[in-house]
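Heads up, there are several structures right after this.
The same chain A turns up in both complexes below, where it pairs with chain B and then with chain C.
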Partner chain A sequence: MTDVVVIGSGLAGLVAATKLALGGKSVTLISKGLGGLQLSQGTIDVLGYAPGRVADPIAAAASMPAPHPYSVLSSDAVRAGVTYAAELLGDRLVGDPSHNVLLPTAVGALRPTCLVPPEMAAGIVTGGIQYALVGFRQLKDFYPQLCAANLARQTAPDGGPIYARAISLDLPAVADMADSSALAYARAMDDPSYRQKLASLLKPQLAEHEVVGMPALVGYRDRTAHRHLEELLGHPVFEIPLPPPGVPGMRLNEALVAEAKKAGVRFVSGAKAVGLVAEGDRVVSVGQATAGRIRQYTADAFVYAPGGFESGALTLDSYGTVTDTVFGLPLHGLGQDLITADAPADQALFRVGVGVDKDMRVVDTTGHAPYSNLYAAGGILAGAIRWTEKSGEGIALASAVTAADSILKGA
Partner chain B sequence: MKTLDVDVVVIGGGSTGVGVVRDVAMRGYSAVLVDRVDLAQGTSGRFHGLLHSGGRYVVSDPNSARECAEENAILTRIQPSAIETTGGMFVCGPDDDPAFGDKFLAGALANSVPATEISVAAALKREPRVNPKITRAISVQDGSVDGWQLVWTAAASAMEYGAKVLTYHKVTRIEREGDTVSAVICHDAKTGEDVRIGCHFVLNCAGAWAGQIAAMAGCHDVEVVPGRGIMVAMNHRLVNTVVNRLIHPSDGDIIVPVHTVCIIGTTDVKAPDPDNLPIPREEVQQMLDAGEVLIPDFRKARAIHAWSGARPLVKDSRVSAADTRHMSRGMGIMDHSERDDLKGLLTISGGKLTTYRLMAEHIVDAMESQLGTKNACRTAEEPCPSPEGTSTTYHVTHRLHDREQDRMADQILCECELLSRRMFTDKLAEQPTGSLDDLRRQLRLGMGPCQGGFCSMRATGVAHEVGTVDIERATGLLRLFLKNRWQGLWPILYGDQVRQTALDNWIFSGTLDVEHLPEGAEVV
Partner chain C sequence: MLEPDSYEHDLLNRASLDHCVKCTICETQCPVAAVTPKFSGPKYVGPQAERYRHGESVDESLDYCSSCGICTHVCPQGVHIAELNSVARAAMKADHMPLRDQLISRTTFMGMAMTPVAPIANAVLKFKPARVAVEKVVGIHRDAAMPTAHTQTLVGWLRGRTAPVNPHPRGKLIFFHGCAQNYFEVETGVKTIEVLEHLGFEVIVPKQGCCGLPLQSNGIFDTARSWVRKLVAQLREAPRDLPIIACSTSCGGMLKHEANEILGVKDADLLEVGGRTRDICEFLLEMYDNGELDTSDWLENQLTIPYHAPCQLRGQNIGTPAVQLMELVPGVTVIESGAYCCGIAGTYGLKKEKYEIAMKVGKPVFDRIVATNEGVAACDSETCRWQIEQATSVPTVHPIAFIHQAMGLSKVPVRAN
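Then we have the complex of A and B:
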């Protein structure tokens, strides 16, 4: 028996659990495995497009129409969620919650985001910036020429030009291996002597005023790696996120797990949550499919943060039925053409999810809460296409902090 | 206008066209093949991958059965790299009439199609996922064939004999002098140039598009009825041998293991336009239901892609014009000197991929008979050049073996299909103006479970890095590839492929923000 059980170990689950634990609750977090944060780009996106590019994400969130999660959450809740994460993560994030910045992506698009790790901050685009984009011949997930050529075709938001050129280094992460992942490079970069070797190859090729863009691999556990490399090169250095597993997301994940553990959250990982037991309008316990049996976890309140289709919490079967695979909760956003020939990123299917009231209590499609103590947060919430909007972390944080506050206030 | 002069122009770069151009070239004629897009981009690449044993036709079409059995052996000998000798079975489902098996065995015997009845236990031992409630099983020599490899290796052979292959050359006009064909005018889509190819003979092998080509020569009302069929590829090989249902040819009666996947096919619906072939939801459901009969829980397996192809069926007054299932699978050669008083033009329709070589032989014989010449056909004797110089048939672990050799020295661009960077750059050097889909058909880029999620950005980056494409084209190529993958994904999107699509969306939209890249080239 704990006060609160949190289901899911992504950004929403970790932050809700930590806030509840720091607020004095005993918290058990159950999860199938590592959360989705380690697959992410490692920035805190709040709202990047709506559908045009957004400058102030908190202000823009306030005008998102129903059924978007931001239409249920107030802009104060969005601000509180993002601010809470910034405080929790301390110097691991920089930026202003009311101000989006643009960062180059690995293919050279300019992507809006809000809070960024300090390792990325030097890449924020401004007119006249001179990027030197550095790739490795042994790394197949970053092509500096492609990135540079696309960046150079664009202008900064202030109308100024963007200069970009590519540098390719012949430096394997592991001796004699032609094919290394970004994670293998990040581990190699934890060694100061590897950084020195890199700098000795790169420094002679850099020109004055150039800002060095590297794939996101400048150290995995050694937090001094980025600063050290900047010192060795004498140039500002920024990281560009790559397809998963993403090193910046892994760093954030590890930091948040450490914070949650420090706050006293108990983790039970490795088995999926399956089904809940209710008495009247209260959830009494949730099951976890451990080896050989289903183990029940009882609590006073439950925060449901299992993610969406990408985590397997939601599924669509071959007959076209969408199901919440954990609790079988009523889903919102059904009853239309869920999948069409239109662009893959914009499918109505991906807006399907669980509905909530302003306290983040789960509600059915009539707005009625079947359980008084079941709250939802993060990717399971209906109404948003997070990858297109660049809103994933903002929704997760705002809903997690709101749910935690509701429980702490005894709502 | 650029000009060329040859003896024979072959129109259509599918299996029939390359078979014909190879045969014509081997018989000593100068020849050029033209196609409006890439080789095998139409029906020859949009089927289920079955190399017929002949079993499918032993009851309904004995002549085709006999031809299939003979050609199966020939193709396995001359184009081994395109063929996997999987073997096959016909199984009688729980509700199917077991007596059909007797007709099947009698037909097989009469038409020299090797077939042996085996016990249900032996069948289930060979393919453990097959429905344990089957009542009979007959073992046959079905195989699987990669239509793209088949076409490209035959084209390579033709080129060795001096034939020219002009892809992305769309025929715009066919000229005549008096009562004889004299030239074919093409538009080169890649350079924007027109090309005039003077010739003495035109062989119209345009498949489902043959009627449109014949009309350009003033020969109207050539009716080729496109019979549309859908196929669904399932992740992994649920079976390692071809599994057919022991019934009269019907929808969803076959599952073929091809490369790393297996394919269920197919439907047969008259299509008004071969350029617009939908993949209707209800037909996908029909395939999944049919799959359940052969393999229980087929629906719960992961579908990764679907496509539609148009069979070029000959219109036959004996069957209803809407009943494409029962139109002849045999070939038809239309001699326009008899029909339209135009010499030097033959139109070919119908046929099957398995018998493409034989069909080509008949066509070239017909051409020679009109020309009054006679040269021996040698296409069955001489093997086609093989891409890696191999003389063995395809094995699904070939690439794994190759990557074991070069894994320290080269990168794997596509993990699903074990495609190395070197394989990609070599093919790109051969086809520098090709799209990523053109390269995909020869390399299987993006054809595995992630459907391009990880490899398409890499392929784009490499093509740009080696200088083959500029940035506008690179961006356009990436966008087009993702768009085309989606066409075959959305009709079968369910289960784990939804999860994969969500991950792919996080990559392309979430992390890379591909939709906000500056404009790409419109024509790539």
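Then we have the complex of A and C:
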């Protein structure tokens, strides 16, 4: 047995497992797939809209009403979670947890986020910024003309203008490839000679003071690629996330998995967790459907971080019943119309999930904890619509770090 | 064209396809698509192309899938991508199976043919003009790693030795050696048996044939089914309440899930045998986790071991038990290869049209091993070991060798140089 079993290898699972392992616990992490991080944009969103655009996400988190996860977690816990990730990832993230920034999206909208990879930092919008947005004829996921036209019709938060123009390059990722993925480009960009080829095509087209925006493909595993390209061009360069799975999310995922392994976390991936065995009020073991049999993993404590509807941990059947497919835990947010036509983006269904107390111990709708050693974190938590609020990573980090601390303190 | 009621047909049309949300995580992780445009990626040839097949093949690029299975492993929606693609390839090649694929998929035949003439067979395989001829006539690449034949099989060793008479306080278990341990990797089989006996088990080795996996991965399904059924019957000749220990990751995986999920063999006997099958490192680590493996008298070994977890092991969804197990040896530090596949993927890398792709797939593994080894590397799968040794010149052994040595059972230390 190990001290703790963590279920799920997204941001919440990886961070909880790492913190527990660094805190001296033996940890086994079981997961069905690769985890959701590489579907993310590679940024740490804490709280972008509540419902208006948020400037200080930590302060705004403190005033979120129940049943939002931030109403259970204190703003100190949110700050601690985000700060922990920033320290764990070192120079892979820049920014201030109390200060949101705006970054251009692939369609030229301005998206609020909090911590960003250094490869994106030059794109943070300020009045008077001059963007040169660079696309590739062989890359179908980014249209610089669309991005530039939309950016140019907005103003920066300080009221200043935004200048933007498009540049298209005719440069396949691999010779003769008519349709290249961003990942194929990122792998090509790991080669310094490819960066030189790109720079020789692009540099003559750039004007003074321009900030170069490119789809997120400036190197996959070579961490010097971004700085090298900036040096070759003599201009700041920033990446714009593309539809998932995206290169910045992949980089973040690989970095966190490496940290977890370094801390001694044992990974058993590829098979779904299938139910728990309890004795009295304690979970004794969790099953995993490995090849040929269900293997039981016993532990003293369990962190449940499987994600929500998007990972299949929660499902809605044709009778309108929502179920936790892994453990069948009691769900919060039911007992109302889950889907209505009034506000398409604001459906009660999306707030359904598992409830927790302040230690992140799973509780039923009366506040009673059915198990004394089962904690939950991340996308499974009830009360938030992460994609409209831009709060997914903040909730994951705050709940994961709180759950890990509860276990380390013996709560 | 497939028979309308065949298992292949049902699988090709099954609902698992509709679970694909086109997230393309599998495309990002595919080691073959990363190195060659000849393979368009698991989602393209799988859930996407499948909709147009109706039992017939639409895209020859499917044959460039190495069947490493990482696509299924990482799929967040539970789509059996690799299994779908294996079945679709079998359908595609059904009418024109190359002689080469027929030959290399019959390991027992190769072993039986080579063992009596082992020195000659080994010399021929090292003789360049002979390999050029083989490449031209049969299609096995001249530089591809081939196994070394031995004059004595594992079964021959068992017959010739005096079995230990010490008591067996932990009872009996069954050893499934697979063809490779019997013919080509006899030492791994011997060490596995000696470790288990040292721990106090009585090891039963029933007569056993090939599991049929190489046939299956080359798309020769009917023969593969009859072979795996025969093996299941042989393993059930032994007492039916004992664990079955395998030290070949691919053959163990065949019993655990591939015969069921790819060949569609749903016999209760197979499922029963699969449920009892354990990889040797999985078995030993589970003993350790349960407090049943005493490592206090294990000998120290100050060694950094680069380790590659084979794709066939990942498919069993048991994690990487060899890493934790080897690190129980005092002084051992394990460095994981950090890559999914060494390129060989069973017999894929032997084929002349795929050899160069396989070497590119394995390059990150080879680079890491070359950079970090102290004279020896470790890997659970025999075909991967041959590939890694061929590519890096670093002697590569099964992790059990380090446990054998730590228990004081090895006359010669694992690190030869």
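Here is the rule we go by: the second predicted complex is superposed on the first by the 407 of 411 C-alpha atoms of A that agree within 3 Å, B and C clash if a C-alpha of one lies under 4 Å from a C-alpha of the other, contacts with A are read in each partner's own complex, and residues count from 1 in each chain.
We adopt the following convention: a contact is a pair of C-beta atoms (placed from the backbone, for glycine too) under 8 Å apart; a residue touches a chain by one contact, two chains touch by 3 or more.
Just so it is clear, the model here is predicted, and its values are computed rather than measured.
For the composite obtained by overlaying on chain A, chain B and chain C can both be accommodated side by side without a clash.
Using the contact criterion defined above for the overlaid structures, shared-chain residue A:282 touches neither chain B nor chain C, since it reaches no partner.
Using C-alpha centres, the superposed arrangement gives chain A a vertex angle toward chain B and chain C of 90 degrees, stated as a multiple of 10.
Shared-chain residue A:165: touches no atom of chain B or chain C.
By the touch criterion defined above, A:266 reaches chain C but does not reach chain B.
After overlaying the two complexes on the shared chain, residue contacts for A:386 are found with chain B alone; chain C is out of touch.
In the superposed pair of complexes, A:308 makes contact with chain B only, with no contact to chain C. By the touch criterion defined above, A:145 reaches chain B but does not reach chain C.
Partner contacting the larger number of chain A residues, of chain B and chain C: B.
Legend: residue contacts after superposition of the two complexes on their common chain; A:227 is shown touching neither chain B nor chain C. After superposing the two complexes on their shared chain, the closest approach between C-alpha atoms of chain B and chain C is 5 Å. Overlap of the chain B and chain C interfaces on chain A comprises residues 39, 176-177, 244, 311-312. Listed in rising order, the residues of chain B touching chain A in the complex are 285, 288, 299-300, 303, 407-413, 421, 453-454, 457-458, 460-462, 464-465, 470-471, 474-475, 478, 482-483, 486-487, 489-490, 493-495, 498-499, 501-518. Touching chain A in their complex are the following residues of chain C: 23-25, 27-29, 34, 37, 72-78, 253, 255-257, 271, 274-275, 277, 289-290, 314-320, 324, 336. On the side of chain A, the complex with chain B involves touching residues 39-41, 49, 105-111, 138, 140-143, 145-146, 149-150, 153-154, 176-179, 241-244, 246, 308-312, 315-320, 339-341, 343-345, 347, 349-350, 386-388, 390, 392.
For chain A in complex with chain C, the touching residues are 1-2, 28, 32-34, 36, 38-39, 174, 176-177, 181, 183, 187, 244-245, 250, 261, 266-272, 288-293, 295, 311-312.
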